[in-house]
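Input: a single structure, listed below in structure tokens.
Note that the chains take the letters A, B, C, D, E and F in the order they are written out, and that residue 1 is the start of every chain.
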Amino acid sequence: MPVVHVNLWKGQTEENIRIIIKNITKVFVDLGIPTSAVEVIIHEIPRTHWGIGGEQSSEKIKE
Amino acid sequence: MPVVHVNLWKGQTEENIRIIIKNITKVFVDLGIPTSAVEVIIHEIPRTHWGIGGEQSSEKIKE
Amino acid sequence: MPVVHVNLWKGQTEENIRIIIKNITKVFVDLGIPTSAVEVIIHEIPRTHWGIGGEQSSEKIKE
Amino acid sequence: MPVVHVNLWKGQTEENIRIIIKNITKVFVDLGIPTSAVEVIIHEIPRTHWGIGGEQSSEKIKE
Amino acid sequence: MPVVHVNLWKGQTEENIRIIIKNITKVFVDLGIPTSAVEVIIHEIPRTHWGIGGEQSSEKIKE
Amino acid sequence: MPVVHVNLWKGQTEENIRIIIKNITKVFVDLGIPTSAVEVIIHEIPRTHWGIGGEQSSEKIKE
């Protein structure tokens, strides 16, 4: 506890993945939760598979 | 708001992905929610990783 | 983008919920993502419904 | 297949829940998927527990 | 690792919740994963909020 | 009903995937739920994308 699922567009750098895990964990550690208890699971989603406003995000970028 | 996660078997056509995003968004727009507020995230799952009735879906298809 | 689902034990203070939302959002803003694009959804789960090591967390606390 | 998880603000009418289930199912039926195969699971989230732009949605409404 | 999310109809007995956590954990322990590493999170969903075949499960039961 | 999402590290054998689906389904069948009603969806997550204790699991293994 806690378990955090992060959904992001595909194509993140390894460095960003590392930072997201480290900093989200810190959010909970700052509230008194033990570091070892925090799990962060990152799901990378292709922009074609992420719709915003009824359109694929991959299309929005082309515009 | 809302955030919709769709889990589907892997191997959808680009066209189907586009239609799913467009039409699920419309479900909420028809209820008065602004188009721009709707997010649809599609997770494609290999049939080997989707169990129905205790069996991999990939096995069911072979039968 | 991104959409973050946080699963936590039930019984968080309003203040902690506020801080979690604010600080997880900041993790992404620090990576250059616009503040308005970040959604954080918090699911509070009763300890009876959260198993760790095969036991309900509610039992672990009694021990 | 498919399994759809819908996350929405708490306080939906029974009628809206009914319509969301019916119409999301139709999106897949229109693509040739059998009606009986579609599962739609709706998670209602209190506005205090849904952050957009770093703030609780409940606060945004007060503004 | 692993993290398991179970979605079930609301109204489970405490005993069933206990058994589900214990037995799902055992599935992974039997594969060589340490007991302490397994997390099982149970989400109870009202039957009104769970659609199968385009209808609320609560309606199916009435039939 | 039920719908079970399993999150696991990437790199499972086909045989383990098969066993996980079969045995998690059995947990519910033993409680009186019909076999055909159980869906198990397995999400394999790269170790770089799974944080425990603020670090990528891929780093923990190197240590």
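In this section, a contact is a pair of C-beta atoms (placed from the backbone, for glycine too) under 8 Å apart; a residue touches a chain by one contact, two chains touch by 3 or more.
Quick caveat, the model's predicted, so the values are computed rather than measured.
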Rotation angle (°) superposing Cα atoms of chain A on chain F, nearest 5: 120
Chain at maximum distance from chain B, centres defined as averaged CA atoms: C
Chain C and chain E, separation of their C-alpha mean positions in angstrom: 20
Intercentroid distance (Cα basis), chain F paired with chain D, Å: 25
Distance between chain centroids, defined by C-alpha means - chain E, chain F (Å): 13
Where chain D touches two or more other chains at once, by residue number: 1, 3, 7, 20, 24, 39, 41, 43, 50, 52
Touch relationships between chains, expressed as pairs: A-B, A-C, A-E, A-F, B-C, B-D, B-F, C-D, C-E, D-E, D-F, E-F
Chain A-facing residues of chain B, complex: 14, 17-18, 20-22, 24-26, 29, 35-36, 38-44
Of all residues in chain A, those that touch chain E in their complex: 1, 3, 39, 41
Of chain D, residues touching chain C in the complex: 7, 43, 45, 48-56
Touching residues on chain A, where the partner in the complex is chain C: 1-9, 16, 19-20, 23-24, 27-28, 30-31, 50, 52, 57
